Amino acid sequence: MEKPFAITLTPGSSRANHTGAWRTERPVYVHNLPPCNDACPAGENIQQWLYHAEEGDQDALLARGDGPPQPPAGEAAWRQIMADNPFPAIMGRVCYRPCETACNRGQLDEAVGINSVERFLGDEAINRGWKLPGALARTGKRVLVVGAGPSGLSAAYHLTRLGHSVTVKDAGAEPGGMMRYGIPKYRLPRDILDAEITRVLDMGVTLELNATVTDLLAELTEGGGTFDAAFVAVGAHIGKRAYIPAGDSARIMDAVSLLHRVEDGPAPMLGRRVAVYGGGNTALDAARTARRLGAAEAVVVYRRTRDRMPAHDIEVEEALEEGVTMRWLSTVAHADDGKLVIEKMRLDETGFPQPTGEFEELTADCLVLALGQDADLAVLDGVPGVTFSGGTVDVGADLMTGHQGIFAGGDMVPAERTVTVAIGHGKKAARSIDAWLRGASREQAPRPGLAGYNGLNTWYYADAPGTIRPKLAAARRTGTFDEVTGGLDESTALFEARRCMSCGNCFGCDNCYGACPDNAVIKTGPGGPGDYEIDYDYCKGCGICAAECPCGAIAMVPEEP
Amino acid sequence: MPYQRIKFYQTGSFAAGNRLLPADLRSVQSSATRANTLTCGHRACQGCGEALGARYALDAVMRATKGKLIAVNATGCLEVFSTPFPETSWQIAWLHSLFGNAPAVATGVAAALKAMGRGDIRVVGQGGDGGTVDIGMACLSGMFERNDDVLYICYDNQAYMNTGVQRSGATPPAARTATTPAEGPEPGNTFGQGKNVPLIAMAHEIPYVATATVADLRDLEYKATRAMDFHGARYLHILVPCPLGWGSSPADTIKVARLAVESALFPVFEAEAGEVVSATPIRRQMPVTDYLRLQARYAHLFRPEERTDVIARIQASADRNVSRFGLLQDHHPERTRLALNGHLPAEGR
Amino acid sequence: MFQVRFHGRGGQGVVTAAELLASAAFREDRYAQAFPSFGSERMGAPVMSFCRIDDKPIRTREPVTEPDALLIQDPTLLHQAGLLHGLRPDGYVLVNSGRDVDDIGLAEFAARHRGHLLTVPATSLALANLGRPLPGAPMLGGLAALTRGEQTVGLDALLAAITDRFGDRPRVAAGNSAAARAAFDFVTGELDELKAVTHHA
Amino acid sequence: MLKQIEGSRAVAETVAMCRPQVICAYPITPQTHIVEALGAMVKRGELNAEFLNVESEFAAMSVAIGASAAGARAYTATASQGLLYMSEAVYNAAGLGLPVVMTVANRAIGAPINIWNDHSDAMSQRDAGWIQLYAETNQEAADLHIQAVRIAEELSNPVMVCMDGFLLTHASERVDIPAQAQVDAFLPPYEPRQVLDPDDPVSIGAMVGPEAFTEVRYLAFERMRRALDVISGAEADFGAQFGRGSGGLVKLYRTDDADLIVVALGSVLGTVKDAIDELRDDGVRAGALGITTFRPFPAQAVRDALGDDDRLRRLVVLERSLAPGAGGVVTADLRTALATGDGGPRGAIIATVIAGLGGRPVTRPSLTRMLTRAARGELPEFSFLDLDTHLVEGELTRIRAARRSGPTAENILRDLAGRS
C-alpha cells in the first residue's frame, strides 16, 4: 500500500526506538533460599522436590492430551530428596519439621504439609520400588563408619554415591540405632525402617553387626588397617542416672533401656501404675510405651512447666490423647515399693525450679527415669588429638575430630539430638571426608539470601488451607503398637505439594512475561522456571515484573552509570 | 474459553500463566504467540497501566477474532505515545481521527465493512476516560443507541493525563488534579460529581457491558473475549492506573488497581442487555486507606493531619458498592441485579 | 415569461401547487421554475410560492415581485397588506371563494380587471371530489381556464402532471384531477357568462 | 432523462447513482430533502448502502471518515451550523486524505439564527483542505456530485459540493438525470490509496511533530495544485460522456469584449446573467465570471478569463458572505490572483459588493442599478447591495447615544415593525 507521508505508518516500526535507555534500575532473575530449605537440618532442597511433586504422577490435570505423557513427577521429586536424604519415609514420620515452622505459607494460612508429602513420596518409592541412580566411578578409597544409626547410614549412603567403599560396623544386632531402639514402632513402623536401610545397604555398603570397634586407629591405614578415613557416630545410648533415695524393693529403670528392650527383648513388667521422670521426648515415648504395655496409668513427673518442656508439642498432644497424665513442678524425692514421694517445686525468677518443702505421695508400681542420654565415647578414648567436652566429641565445622581422617557426628557431637540432625551430619561428614580424601578442603557454596514472606506477592496464590493427616483413634492406640499417624493419598499429597509458594525461585507462572507494559520480557521456553529473559533494549525499569512476581524471584538492581 | 476461578489448588492460580493448566486455560498474555498488538518501543511512562491494559484487551480480542480486527483510537495518551511519527507501536490496522469522535469513526468502519460484505472483520473503538466520558460521550451514546457492531473500550485513568492531569468526568472525589488542587476546606475533586459510564451504557440496554482492571488479567481477558461473542454495541471499562497522574510508584501499577478492586472502590462486574449478570467477588476486602495511601493524589487526606471525615465518605462509597453489587459473596446475579436496580437496601445511599 | 405567485396558508399545499404548475409546463416542453417563499412558517401561517414559465431556460432566481397571475388559495388573506402588490396591469387574480367577487370586497378592483379577476369555490370542489380541503389542484384548473392555457398550461398537461405527481396514490390523483377539471369548467362557465353580459351591454 | 424535479431530489438521485456504500447525516435545513430521499431509497432497497442516522454533524463526518478509511465510498450532507459543528472533523478528513464527498446546502450562520441562503458556512471552511465546487443550477449541482466522487478518489482528497440552500435545494426545475450506465462508465470503483486491512495493517493518523508537519502541509498544498488539472480533466471527460458542460474551474459569460465583469459563485449567476443582458441592451459592455472551483482557487484560469490587454476593466465581486473587519472573501483571493502569476489584466479596478446575506433576495433591478453605477465608476470599493441605510443609521445613532442599547437585531426588528 502506498502510504501517505507521515500520516500513515508501518506496523511495529517503534521497535526502532530502544526505550531501555530510560532505565535507572534493571530487573534480574534471582534464586533466593526458601525458609524451608534454610531450616532443614538434613539440607534438603524442599522447594525443588515440592516443585516436582506438584505435577503429580498420573496427573489427571495434565492428561489432557497436550504434550507428551509426563514422566512420573513423583519419582523426580523423590530423587530430589534422595540427593540429600536417604530416608524420606522415615523423615516423613519422625522429623520434627523445622521446615514447616519456617514455611512462609504459615503466615498466609497454614504451613505447607512438607513432612506429609515427604512421607507420601517415601512410601511411594518403597511401594513402587523406585531405584536409585548408580554411584559415581569408584575411587578405590575405603571408609569405615562406626555406628549404623541415622548419621552413620546417611554417611555411608553419601560416601558410596561419591564412589568410596564403605564398611559400617555396629555393636547392635540390627541396624538403625536410635531409629530402631529409641523410637517406638507406633511412630516408626519397622518395615519402613528396614526398607529404607536395606535400600542403602543394597548400594554395596558392607554392614557388620554385633561388631564393637575397640581400636579405631588399628582399623585405619595409619594403624596398619585398611580404611583411609573413619566416621564415628555411635549416638548416645546410655541413660542418665540420677541419685534417688529408694527402698530396696523400689522398681526403677531408665527409659532408654525400656525402649530398647521393648524392641529386642521380652517386654519388661511395669505394673498398673507407671511414673516417668523427665520432660523430654524420650520421657513421653516411655510413658506412651508404658500405656501400650498395659499400664492403666502413666504419669509424667516434670520439674518445670509445660512451656519449659524440651519435648515437642506433637508428642505431648499425642501422649495426652492417649491418657498419659502430667505432674508439673514436681521432683521425685523418694521411691518405694508401690509409691513415690513427690516434692512440689516452684520456678524462681530465672525460671529455675526451686524446692518448696511441700511433699505428697504418688502411687506407682514402677519409676522410669528419662533424664537424658550420654554418649559412649570409649571408641575414641586415647585417640591422639581427639578432645572431648561436656560428654561430647569436639569437631570442626567439617565434623573432623582433632585427629586427621577421623570424623564424628550425630548424638555424640554437640548439636540437637534428632534423627534429622544426625542424617544431616552424615551428609556433611561424607562430603568433608570425600574432600579430605581428595586432599582438598571443601569450600562452602555461598548461601543465597533468604526468601522472606515480604518478598512474595501472595495475591496470586489460591486460598488453600492445609490438609490434616489421619490419626489412629486414641482408643485403638493404647492396646497396640500400630502406627498412630496416617499418610496422605495421592490427591491430598498433590494438593499439599501445590500449596508451596516456591519462595524465592521462579516456578514459571508467566507473570513477568504478561505484566510488562513494554513487552520487554522474552519467553525463551514453554513457560517453566527460568524460561524468561529481560529484553534490556526496551525494559524501562518500571519494576512491575518484580512487584508482581508471586514468589520474589526478580530483583531490581541499580544501573551502573 | 469460559472464565473460571481455578477450581484446584496450585501455585499461582491467578498468575498470567501456570504450567499446571492445560494450554487452553492459560491466559492469552502467557502465550508466546500472543499478538502484541501494542509492541515494544512505545513512549508510555514507566509502569503505564494504559499500555498494559490496551495490550491485554486487544491481544484477547485478536485471539477471539483470529486476527480480523480494526481498531479506532481517540486522541489521548495512548494515541500519542503509540504513534509519534515516524514510528508506530501498533501491529494491527489502526486509525486515529479526533479526540471526541472515536465511537463514531468506529461506527463508520463497521458500516463500511458491512457494506463491503466483510462481516468477518470486527471493530474496536478505544480511548481514555476524557475521550470517552466527556468529549466523546455524545458519539458514544449515539453508537450505543444505534447498537452499532462496535466494542468500545475505555481505558480509565481518571483524569486528562495527556495534557497534564486535569480533572475529568471520571476523576474520583477528593483526588487532586491540576484543576482540582489540594487546596481549601474541600481539597481535591468535589464529592457528588463524575459519571458512571458503565451504568449509563447499561441504560442503553446494549448487549454487553463490563468493567475490569489490569490487576486481574484473567478476568479482563475473559471479558474482552466474551464481548466478541456478541454483535451490536458493547462497552468495556478498564481501570488503568497512571503512575504520573496518581502519584504512585511505577512498580505499583497493578497493585494499585488490585487495591481499587479489593477496597470495593472499583466494582468489577458484567451486564447483558442492561442487567447485571455477574459481579466479581472481592477476595480480601481492604480498607480504602490502603488504596489511597499509595497515591500522592490523595496525600492531602493524610498530611498534615488525617482527614478522617473525607476518608469516611470514600469508605462509604466503597461500602455502597459492596452492597450494590454483592461484592462480598460469591456472586449472586439475582441479588446483584436487584441491588443495582434499587430493590434492595444499599448502604451509603 | 409568465410568473405566478401563490398565496395561501401553511399546509394548504401552495408549494405543491407551484410545482404542479411547473411540471405541467414541463410537459408542454416549456421551461419552468417553481420554488417556495423559503421560510420556517408553520401550519396556518400565511405563505407564498412562485412559478415561472418560459420558452427559454430561466436563469433568474429572485422571488416573483411582478406576477402575471396571483392565486389566492385563502380568501381570508385578501386584506393582507400588499397582497396584490406588483400585479401586472393585465395580470390575473383567482381567489378561492364560493362567493362573488363583489361580495369579497374586490368589486372596484374587478371593474378595472374585467375578466381577469374571478372567484372559484376550490375548497368545496376539493372536498366534493377529493374529500379533503386541499384547493391546490382546483385552483390550477381554474388558472388554466382563466388564462385560457395560453400563457400558462392546458388542462391536459395539468391533469397529466397531477396523475404523475400522485402516481403512487391513484385515488388522490383521480380526486385532484376531477377537482381540477370541475374548477376548469366552473371558471370557463363564469367567463362565458361575463362574455355574454358584455355582449348584451 | 429530463425531469422537472426539485433540486434536492435531483442531487439525491444522482448521488445514489454514484453507488455510495455508507451514507450518514444529521438533519438540518435546507439539507434535509437530500438525505430524506437517500434514506428512503436505502429503505426501499433501491440503493444498496448503509444509511446511518447519527446524533450530530460531528458524528456524521466522523462516520464518513471511518467508512472511507475502511475502503468504502462515503457521503454526507449538511449546512450552516452543522458544517461548523463538524468543522473539526472536516479538517481531519482532509488531513487524513480521505475522499469523502459532502453536499453543503449553503445557509447563513447565526447569531442571529437564520435558515436562509448565503455562503458564510462554506466560506468558513475554505482552508480546511477540501476541494470546494459551487453549483449554478440544479443541473450542475447534480452533475458536480458525479465529478466530485471521481475527483475525490483520484486525488484521495475530500470534495465539498456547494449548492445554494432553498434557491437550488428547494427549487423545482428541469434537470437531465443521467442513466446509471453512464455514471458507472464515468466512475471507476473506489480504489482507496490507503485502507484499514487486518491482512496488511497500517497505523493511520500518526502524530506529526515540527520535524515533518510543514512537509505534510506542503504535500497537501501540492495535492491541491494537482487538483486543478484533475478537475479540468473531470470536466472534459464528463462533457464527452454526458454531452453537456458542467463543473470545471471557471465559467465565462459574455466576457470577451467586456470591461465590466461581475465575479460570482453559485446560483446568483443566473440573475446576474439576466442583468448583464439588460446592461448590454443599454450598451454597457458587461460580462460575468463564474467561479465553480473556489478551492483550490483557480488563479491562472481567472487571469486567463479576464484577458491580458491593457484595456481598463472594472471587476465587481458579488460576495455571498462577509468577512467582518476585512470585507469580501472572494475579493481577497481575486486580488491575490491578479497580483501574482502570468497574464491577467493590469490595473483592474475591483469593487466588492456584499449581497444576499441570510436569504435577502438578489433581484435583477438591484443588480442592474448597482452595475450601472459600477459602469459609471460610481461604485465604492466596498458596499452592500440593498442595504437599508436608514435602519442601520438609526441603530448606530442609538449605539452612539447609549452604551446599553440592547441587541442590534431586536432593535432593527422593532424599527421594521414600527415602519409598516
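Descriptive notes on the structure:
Order of writing sets the labels: A, B, C and D. Residues in every chain begin at 1.
In this text, a residue touches a chain if its C-beta (ideal position, glycine included) is under 8 Å from a C-beta of that chain, and two chains touch if they have at least 3 such contacts.
None of the values given here were measured: they were computed from a predicted structure.
The chain with its Cα centroid farthest from the Cα centroid of chain B is C.
The greater number of contacting C-beta pairs, out of the two interfaces A-D and A-B, is seen for A-B. Centre to centre, using the average C-alpha position, chain A and chain D are separated by 92 Å.
With centres taken as mean Cα positions, chain B sits 49 Å from chain A.
With centres set at the average Cα position, the gap from chain B to chain C is 67 Å. Remark: chain A and chain C have CA centroids separated by 115 Å (rounded to whole angstrom). Those residues of chain D in touch with two or more other chains are numbered 96, 197, 200-206, 208, 212. Each of the following residues of chain A touches two or more other chains: 6, 9-11. Shared interface positions of chain B, defined as residues touching 2 or more other chains, are 82-83, 85-86, 88, 90-92.
Contacts between chains form some other arrangement here, matching none of path, ring, star or all-to-all.
All chain pairs in contact, by the document's touch criterion: A-B, A-D, B-D, C-D. Looking at the complex, you find that chain C touches chain D at residues 18-19, 22-23, 25-26, 31-36, 38, 40, 57-63, 65, 81. Contact residues on chain B toward chain A in their complex (touch as defined above): 6, 8-23, 26-27, 29-30, 32, 36, 38-44, 46-49, 51-52, 55, 82-83, 85-92, 217, 243, 249-255, 258, 283. Those residues of chain A whose C-beta lies close enough to touch chain B in the complex are 6, 9-19, 22, 54-55, 61-62, 64, 66, 459-464, 495, 498-502, 507-511, 513-515, 517-520, 523, 526-528, 535, 537-538, 540-544, 546-548, 550-551, 556. Residues of chain D touching chain C in their complex: 4, 6, 29-30, 115-117, 164-167, 170-174, 267-271, 273-274, 359, 361-364, 420.
Chain contact summary for the complex, chain A toward chain D: residues 1-11.
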